[in-house]
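In structure tokens below, several structures.
Shared chain: chain A. Partners: chain B in the first complex, chain C in the second.
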Partner chain A sequence: MIDPFIQAALLMTTPILLAAIGGLVNRIGGLVNIGLESMMLAGALVAVEVSAATGSVIAALAAAALIGGLIGLSMSLVVTRLQANEIIVGLGFSVAVAGLVRFVLKSAYGVSGTFNPPGVAMLPRINIPFVSDIPVLGAILSGQDGLTWFAWAMVPATAFLLHRTRAGLRLRATGAAEATVRAVGLSPLSIRDASTVFAGAMAGLAGAHLSIGVVGLFNEGITGGRGFIALAAFYFGRSAPWRTALGALLFGLFDAAQIRLQGHGAPAELVQMLPYLIVIIVLTGLGLADRSRVSERALS
Partner chain B sequence: MMDRARVAIRLGARKVTRRFGPVVANDQIDLAVAPGTIHAIVGGNGAGKSTLMRILQGVDQPDEGSVILDDAPVRLTGPADAFARGIGMVHQEFMLAPNLTLLENLILAREPVGRGGLIDWRVAQAEADRLAALAGVALDWRVKVADAPVHQRQILEILRLLYRGADVLILDEPTAVLAPAQVTELIALMRRLKAEGRTILFISHKLDEVMSVADVITVIRVGRVVATTTPAQTDKAQLAQLMVGEAVAMAKVAPYSRPPGAPLFSARGLVARDGRGLKRLGPIDLDIFAGEIVGIAGVAGNGQDELVASAAGLGAIAEGAISFGGRDFTRAPASRFRAAGISYLSADRSEEGLCLTASISDNFIAGREQESPFSRGGFLRLKMINAGAENALAKLSVRYGRLTDAVRSLSGGNQQRVAIARELERGPRLLVAAQPTRGVDIVGIAFIHEQIAAFRDRGGAVLLVSEELEEILTLSDRIVGLYGGQVTGQLLRSEASVEKVGRLMLGQKAA
Partner chain C sequence: MGVAMLPALSRAAGVAAPFALAVVIGAIVLAATGHEPLGVYGLMASEAFGGERRIAATLTAATPLLLTGLAAAVAFRSGIFNVGAEGCFYLGGMVAAVLGFALGDWPSVLLIPVALVGAAIVGGLWLVGPGVLRARLGVDEVVTTLMLNFIAVDLTSWLVNGPLLARGSANSATAPIAVGAELPRLLPPTTLHLGFVISLALVALYGLWSRFTVAGFRSRIVGLNARFSRAVGIHVSSTFLRMMVLSGLIGGLAGGIHALGLVHRFVAGFSPGYGFTGIAIALLGRNSALGIILAAIVFGALSSAGATMQLFSDVPIEIVEIMQGAVMIFAVAKFGFGQARGARA
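On to the complex of A and B.
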């Protein structure tokens, strides 16, 4: 009873977590990536195309990361080199890519809305013998796909790399003190661009997880605003990887709960809205709690 | 560094001229900084120091003449190029990442990397300790820059230049943010660096420091070198005269007698917090009488900002009470403070004191736009506004083109005069003056001091907050020391000296 629920929650968490880690790194580098949704959507479509064409999951993932990274790079260049507003550009990319995807579906495949080619290779689930028989723990550890493992491995890895490597140190400096980074002879804009490419690649993988990890086809509404939920997750996480993961997990839990509720005759459209609503409520509540904690510390 | 000791000019300029339209910012400037010396450049606002520094850093190119490095003319392409040739600069605005620790800032861009591409923190720490020992300072390298005091940040900037291999250090007004004891420390550090063979170009307008530390002094006025001398050949008075080109009239000191009656402004148990909710001030008691200037001496960040905000009615006070003219003003809105006759001269001219993009006349009536004679029936009366502004600005000798020009087009000193004109013209009873002469040259400073003293002589009360110790000593009738948000003591002007006030600023007893 509880095991399928845990499995579903983790499955729904993965794409949010992947995109949120990317967005977190991007934000530390000084760019708030509103365009994650667009990179996710493109990654989802390209993963289905490449998976159907080649039958290779690896090739599909690489292609999804690549398209995400490319969109990230072009978005970053518009923001860093042309000094455009990152919010406007991010929203613009989200709208433009959605339109482009619709166009590609129509002109290349002659379909609208859903693209379901034959022969899509799905992300394999990794079953761990013996562990899978243990209740709860088995549901958590066994039967997950490789991207889920990768997403969770990225949480401590990101924390470690940010503090222990050259690139991490320079990235942290770039987001907080661009002029300083320039003064010591580095190029803050290039560092920022690199972080956006990383965010794009992570969001591309997140899209691939939705299309070839969960449903096995592409639908133009497949991302369902998850790029924006990822944004909420790393804001909630205050750019700390573990807290960001917690934010992503929160959404995954409610998304899984929502799917369960639908099976019990509740109106689907209303129920589908629930995870988003609850995330907003929880984030607001936690934000308020943080605020009162800060002022308590100030008073003492 | 050995062969460099043999050159005559490590860093310099030969006949450097730089024009901006009709303005000649640098006019045939010659500069010769010998290796292993401390060379000071002094000059007032607009003398052309900043332009010269930009040229020496390669940020700007001269129209004529050239930069000299190791006796040879060079063309610098930018700060990175200058740095590659051993020239590093510490700007007034520190170039540090506030979210990183001191150690992380030190190694940024030159991180020692060990196994697996990871930063080798042990090597980094050893290098940091070596530099700190060399500089004779103790730093807590694990503290974030945002939490480190200003003088430590400055030392970090200097050490970072050494870490990255600079042998010529350009220090732009390095003592502007320091307390007297910290100035002494910095000067000792400069001497140690010189003994080590490094070369220092030191920009300052504090003549005491220049006289004590420099080997050679170059004086610049309106873009020209007017003298190159040594401390042995000159004195402070002569330097000051060279800087301004005329004898500077110091504000007159009137004998102080405590004004009779009850205090005009009174704070009791005042506690104030900063924007993040941290307690920065108090609890303190403070009285200001009509007809006196109370100077607050303290190093930046010791509660002055919160005191100013409380006295001007801008910040909600956390605890305590404020009364003005015998009436309670605790938690009164800023509009009531102003209506009661409290004027406020902001330290932040560009953000709070003035609206730089608005016209001179608009700035002049800001806050008085509903008063007669400037407005009638909800409409502004431009004739009256212009007449009032012209009259007030003439009194303060403001140099401007037209009243419709943006305030941005004025020099810093003239902008400040516009702000003063607005705040004094409304006939206040208390003037809260924060850093009233920041970024103003010597002539302008003397003039502003006269205005503040004249306001006091007319019976006005003044709360003066300044990081310039000299300003506090020149103007104040009473000096109150502020350290860590607490009043550390009080001195009448007759009792005050640099050393005594300096001790108050560092939280020690005056005696």
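On to the complex of A and C.
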């Protein structure tokens, strides 16, 4: 009874987690990425196209990461080189890429909304013998796809890279003290661009997970605002990898619960809005905590 | 005289450049997919402005954008990054539609103002939260207002699927409003309605307010330099809150006018992103009244042309979305001169 739900929740966590880690790295590098949704959408479409054309999952994932990275790069260049506001540019990319994707569907494949080519190779699920028979633990560890393992492996990897390596230090400095980075002869703008390319590639993989990991086709609504949920996850996690993963897991649970509720006539829309509401509550709590810290300092 | 022309010229170029780039990007997409860009643009121009009926359709499409553009401009000029007009639009539309149905036996002269004021109030109240959070706790209003948009969409979609679903209706919609609640049509065969005049008047009023009143000046100074404003004794955080709520009032009103003037009920998916397009309009129009009007008409033309173009050609309507997104992206980009601040490292 609980096992299918755990499976579903973990499955829905993966795309949110992938995009959230990308967005987290991007934010630490000094750019709040509102365009994750657009990179996810493009990744989902390209993964289906390449998977159907080549039958290779690896090629599909590479193509999805590539298109996400390319969109990330173009978005980043507008922000860093033309000094455009990242929020507006991100929203602009969400509008333009959604339009472009639908335009391509209609004019290249003659379909509107759903693209379901024959021969889409799906991400294989990894079944672990013996473990799969254990209740709960089996549902958690066995039967997941490679991207889910990758997403969770990226959590400690990101924490390590950010805090224990030179590249991580440079990235953190780019976000926190741009002038310092310039003073030691590095280009903060290029570092920031690289972090956006990374975020785009991760969001592209997130899209690929939705299309060739979950449903096996492309639909224009496939991302369903998950790029913005990913944004909510790294705001929830205050840009710390493990806290962000916790947020992604929480929102994945909501997503799975919401899909369940739809079948029972329960108000799925109200569950859908929970992640957004939680972010506002978390931000309010942080604001209150900041204020009391400031007033304590003023008193002492 | 000649010197005074220069900034005006560079401002005009600043407005034209994003649009020109969007046209170029659209042309590339069209050419790459085997369409003839010039022919498509010619068709779009005649669909948007060729004849009285087409112009009326363009102005109808511009109506919600005038007000969502105004909602964004009011906030932006005070340095508040409110991206929450979309949510206000949904809630305002829903409230006006419900009042227009529930108070259907009231006379029009009473019913319409009450429904519109109700829509505006709900829109204003919706942004009190982010306004207070920004003013008192310094919480980033971009994130809170963005999140509130999704909440508003989900909340209204729950309401029209549940408690407010019209009896006997299978799709997610409220009951139609009473005939007395409908805004009068201006050119009867076309859908152009009184809402256009109301919206235009409000934008003009904003132009006067921002230029000639103390409050208008003060709100701009706060946007230009909050620390200076504090130093000269302007209450910055209460200005933030006031402008945020004003922006929400206008966003809610925009939704109310859209419900009473055009849709005549509230449906799920009420706005195709008018609130977000409004952001592009405010930026493109540099927060000025005239700029907002021109930009709203340009975006109105794009969407009215896109809607009918599909009937006469095989060009997908989404070309309009691509161009709208591109305008938004380039409206905030700085071209040429401006980047001598050592930003190129």
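Operating definition for what follows: the second predicted complex is superposed on the first by the 264 of 300 C-alpha atoms of A that agree within 3 Å, B and C clash if a C-alpha of one lies under 4 Å from a C-alpha of the other, contacts with A are read in each partner's own complex, and residues count from 1 in each chain.
Note that contacts are C-beta pairs under 8 Å (C-beta built on N, C-alpha and C of every residue); 3 or more make two chains touch, one makes a residue touch a chain.
What you see is a predicted model; the values in this text were computed from it and never measured.
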Exercise for review: Once the structures are superposed on A, label A:Arg102 by its partner contacts, choosing first (chain B), second (chain C), both or neither.
Suggested key: second
Practice item. Considering only touches as defined above, state whether A:Ala173 meets chain B (first), chain C (second), both or neither. Key: first
Check your understanding: Which partner, once the models are overlaid, touches more of chain A's residues, chain C or chain B?
Key -> C
Exercise for review: Return first, second, both or neither, reflecting whether A:Arg164 touches chain B, chain C, both chains, or no partner chain.
Suggested key: first
Review point. Now for A:Val184: first (chain B), second (chain C), both, or neither, which partner does it touch?
Key: first
Practice item. Have a look at where A:Met273 lands relative to chain B and chain C in the superposition and call it first, second, both or neither. Key: second
Practice item. Based on the superposed arrangement, let me know which partner A:Asn127 touches: chain B (first), chain C (second), both, or neither? Key: neither
**Study point:** Shared contact residues on chain A - chain B and chain C
**Key:** 181, 186
Check your understanding: Across the complex, what residues on chain B touch chain A?
Key -> 79-80, 83, 95-100, 104-105, 107-111, 113, 117-119, 160, 164, 273, 276-279
Check your understanding: Can you list the chain A residues touching chain B in their complex?
Key -> 164-166, 169-170, 172-173, 175-177, 179-181, 183-186, 294-295, 297-299
Point to revise | Touch list for chain C against partner chain A, complex | key: 29, 33-35, 81, 83, 129, 133, 136-140, 142-144, 146-148, 150-151, 154-155, 157-158, 161-162, 273, 276, 279-280, 283, 314-316, 318-322, 324-335, 338-339, 342-345
**Study point:** Partner chain C, residues of chain A touching it in the complex
**Key:** 32, 34, 78, 81-85, 87-89, 91-100, 102-104, 106-108, 181-182, 186-189, 225, 228, 231-232, 235, 267, 269-270, 272-273, 276-277, 279-280, 283-284, 286-288, 290-291
